[in-house]
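Chain lettering (A, B, C and D) follows the sequence in which the chains are written, and residue indices restart at 1 in each chain.
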Amino acid sequence: MEYNPTELLICVASRQMEDRTSAFIGTGIPMLAAALAKKTHAPELAVVFEFGGIGSLLELLPLAVGGSRTFYKALAASSICDAMEAAQRGLIEYGFLGGAQIDMYGNLNSTVIGDHNHPKVRFPGSGGANDIGSLCWRTISIMRHDRRRFVEKVDFITTPGYLNGPGAREKAGLPAGTGPYRVVTDLALLGFDETSRWMKLLAVNPGVTVEQIKENTSFELVIPDRVEENAPPSPEELRLLREEIDPGRLYI
Amino acid sequence: MEYNPTELLICVASRQMEDRTSAFIGTGIPMLAAALAKKTHAPELAVVFEFGGIGSLLELLPLAVGGSRTFYKALAASSICDAMEAAQRGLIEYGFLGGAQIDMYGNLNSTVIGDHNHPKVRFPGSGGANDIGSLCWRTISIMRHDRRRFVEKVDFITTPGYLNGPGAREKAGLPAGTGPYRVVTDLALLGFDETSRWMKLLAVNPGVTVEQIKENTSFELVIPDRVEENAPPSPEELRLLREEIDPGRLYI
Amino acid sequence: MKVLDTGRGELFLHPRPAADREWLRKNKSWALKDKVMDEKEAIDKFVHDGDYLGTELYGTVRCPMSLAREIIRRGKKNLRVAGQGIMEIEVLIAAGLVSKIDLTYLGYEVLGLSYVLRRAAQSGQLKVVEWSNAALAWRLKAAALGVPFLPVKSMLGSDTFNYSAAKVVECPFTGEKLCLLPATMLDVGLIHVHRCDVYGNAQIDGISGFAFELARASRRLIISTEEIISTDEIREYPDRTIIPYYLVDAVVEAPFGSHPGEMYYLYWRDEEHLKQYLEASREPHTTEEYLRKYVYGVKNNAEYLELIGGEEKLNYLRSLAKGR
Amino acid sequence: MKVLDTGRGELFLHPRPAADREWLRKNKSWALKDKVMDEKEAIDKFVHDGDYLGTELYGTVRCPMSLAREIIRRGKKNLRVAGQGIMEIEVLIAAGLVSKIDLTYLGYEVLGLSYVLRRAAQSGQLKVVEWSNAALAWRLKAAALGVPFLPVKSMLGSDTFNYSAAKVVECPFTGEKLCLLPATMLDVGLIHVHRCDVYGNAQIDGISGFAFELARASRRLIISTEEIISTDEIREYPDRTIIPYYLVDAVVEAPFGSHPGEMYYLYWRDEEHLKQYLEASREPHTTEEYLRKYVYGVKNNAEYLELIGGEEKLNYLRSLAKGR
């Protein structure tokens, strides 16, 4: 069955989440991934939106993280402090992130290119990203894969990954055991080496070579002996995405 | 018109509160005083109960500071943190207190007589008293007036008055400009000298002499040249208390 | 930001947000699981000897009495408690199950003092550390935030501070003195609510006391409820969920679970029974008799409600409740 | 508890709880006073040049747009803002009225980035200090508590911290590193609600965002509301009052006050108008045109609602709102 890159991205992201856990999600891809997970392998995945929507069925796709659809038929409609404090207490397993740049330690930049006070390009800023990246157990970044985005060193660490290497998060005072878990791109699925905390290629998308990944990454990746291939979206996944989750094709 | 000492106490306490302000009140005398004030000179006095009842009309007399009557027809039914934080922000003008002992600086003991770890008598503890005495602008204590209660030095400072004298509250870190304002007893109305922070006789109850006050106080009071006499309850005050505020004679 | 002073009271439970994170991740579940069980099962599963336990609300109001009575029947020992509850804490002390208390107030307001507290504190059976009401609520709030302390302006300059386990520091922003209250993440919390679903999504009418904070400051949380409602109702009014299900370990259906206390809008407090209890509590042997009759002498909450007067009494208490 | 690090960002407004106490005592009133006025009067009375201003909620949702448009018409200058709002903050920047921003996020999520922020930040017209979303909410919460800071575990190790005005300290209880967020007591706060009475007792349906905190962290507070209800209704459901009257200085009746944003349960956001605005915001002169037409070109909210399509458009947006 034919599919577009966004559909594959959503499917790969969706497969990263375990059932009966919680995910802190923003609008866009993460929301579709969570909705798909709930309709496939993780029906009891709880979605948490940062302004207080908790446990929605995701029957309607939200357009804004504070929008009414984030708590339509939800189990709780609370507040930003409540949602963020739940994450600070260690209750939120997954957090989704994006950004303009990511480096080999999973640090993310969504603030500026160039000098902060005289920026070449000004981006939106942290939003909830810094909190999610600091407080959730496992963060999953969704990125377009190219050399401009996968950089040796981000211009600005909006959201901490493993900072400058093993132990650095803990040294900075961030909660132990947290950090970047997966990076899902239009080319591949990546993780982080347990010891070096370097970004590591886990699987390539159908038709993509390891060489292509290297070419599109400005830093050296850990490439394991065996690189998996991501399964394409299944017919059922595509049906769910197109007919139930985003029938208006807002995102896909 | 005949009246009992409790009725006079309530009237004197009630007269201390200005209209269009707020009072943090507990059950018992303070509540009746607030209800009376609302029905006489201070209709827009807002009553705040520490577990979240704010702006009740006090049509029904609460039996407990967390009870349903503290927010019957109230303007807000909130939480202890909200009420206490309003006081911490400086929004609550009056706070009512009681205790087993009071000293010349208005420090109050409602914790123990004797050594803390091997008490001769164990009392209930601070409850909200320490918070009220720390955070409200002007605290009014309601006390029975005798030498056992009006002591040179309290066994235990449950609730800070002026501690050991002028400037001590500020030095301890308590908010500036706060502190004991009035002490209402079955014999007299007392205040605190602006300079020395010593307790000062303001007015005696009808038929009570200054000598009697001295005899019933273990420490030296500031006695001004001119001591007022508290007016007895007016017929209207008595009518309100007996017919409208406490018709079941729960307290009076 | 120097530490200028530290209260000499024992810190029964050191703030441990990092350990709490690990514990909660491992033990809490986001699964939509039916958690309905009776008092016996809930207490057996989730309350252990030596636990640090807290209850909500205050006085004789929306208090989890049916759970407290079950703790006594199950004989959970050496409890350390956060003493913002009144009667539900007092009966645990009366039954000899509490060794240490972070106390703010134990008494009966207009009905008088607590004989049980007096005896326990004066005999040395009960170790007491002092706090104010707001301080205990704020300590729970600190834990609910997931941080080790909150800075406040209460407790300063007093013996309440001296016999607490708080600290005084100089504020690095303003230079002023602040009292730092250590966070309290309870081992187990008990809350009585108006209604919840089988997963534990709970609603409370009227003032919320410190239910919001205590629910979020409990490793294990037992909810007793006047009524179990459908999850559809919860989903229709998600803005009324004050305690979401993922915080909850057990849901106990306990109509009149707050008796002899009151429950807003549903029933008024049982003055007669309360006074009977307070009279009994004057002496150890009459206290013991009360417990034998009303706690040990019944198997569960239903039997207790029969014993205190059955449907007739309950209807009477219902009739005294005020509407909105 | 040593200070280990301090962000290099400017602290626009130093925490000043002691001064706030004095200010609030002097300026806030518990009087039950009718505070209803129109946007013009409210902004003239309670927003001043140079104020530090904050708005609630987020994005294009329950945002006080009618108040923001009035601020532009009244030409309030040199504003410093807490940037958790989106469109209502952006139009103030677009109108050249904002000199400094405590920024967390300015963008339109699925609709894209903010051209206005880009131009203002890249040209140096707008001074930016960085924070996270939670950090800004927690800074308001600290002010709402009446304390100078809150300790948290966000922001640590990042450049977001380095370009903020937070501090890192060692916890005196646990020894861990904590980020201390300075309290933000705003000069003026703006909140749009579903309903309130003439005194300002306000109710919000659905998520409450950070309305609770912002209302308590504002020296002056302007409420705009879809509907004014009677105080009897407030007294019937006091548990629904999220903003009590004594916090409120002005009540502005503003149906569709959030347009082009949405208002839960009442109307959906105006996608068409939003996209039109975003298109216009690409270039300075088209942005100026938009403001001329939709802000300067109308006298008040009623005229604005006529201009954007009148009753027909409003009914359409109502029809798109989802129930519970």
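What we mean here is this: a residue touches a chain if its C-beta (ideal position, glycine included) is under 8 Å from a C-beta of that chain, and two chains touch if they have at least 3 such contacts.
Just so it is clear, the structure is predicted and the values come from calculations on it, not from any experiment.
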Chain labels contacting subunit A and also subunit D: C
Minimum number of chain-to-chain touching steps separating subunit B from subunit C: 1
Inter-centroid spacing, subunit B versus subunit A (mean Cα positions, whole Å): 57
Length of the line joining the C-alpha centres of subunit B and subunit D, rounded to whole Å: 39
Averaged-CA centre spacing for the pair subunit D and subunit C, given as whole angstrom: 37
Residues of subunit C engaged with two or more neighbouring chains: 17-18, 145-147, 152-153, 176, 178, 206-208, 236, 238-239
For subunit B, residues that touch 2 or more chains besides their own: 53, 71, 77-78, 88, 175
Category of the chain touch graph - line, ring, star, complete, other: other
Touching pairs - complete list by chain label: A-C, A-D, B-C, B-D, C-D
Residues of subunit D that touch subunit A when the two form their complex: 57-62, 83, 103-107, 109-110, 113-114, 117-118, 121-122, 124, 128, 130-135, 137-138, 141, 152-160, 163, 168, 176-179, 206-213, 262, 264-265, 268-269, 321-322
Residue ranges of subunit D touching subunit B (in the complex, touch as defined): 17-18, 20-22, 24-25, 28-32, 144-147, 199, 201, 216, 231, 234-236, 238-239, 241, 244-246
For the subunit B and subunit C complex, residues of the former touching the latter: 26-28, 50-53, 60, 63-72, 77-81, 84, 88, 111-112, 116-131, 134-135, 156-160, 163, 168-169, 172-175, 250-251
Subunit D partner contacts - residues on subunit C that touch it in the complex: 1-3, 14-18, 145-153, 167, 169, 171-174, 176, 178, 180, 182-183, 205-208, 236-239, 324
For the subunit B and subunit D complex, residues of the former touching the latter: 20-22, 44-46, 53-55, 57, 71, 73-78, 85-86, 88-91, 93, 137, 175-177
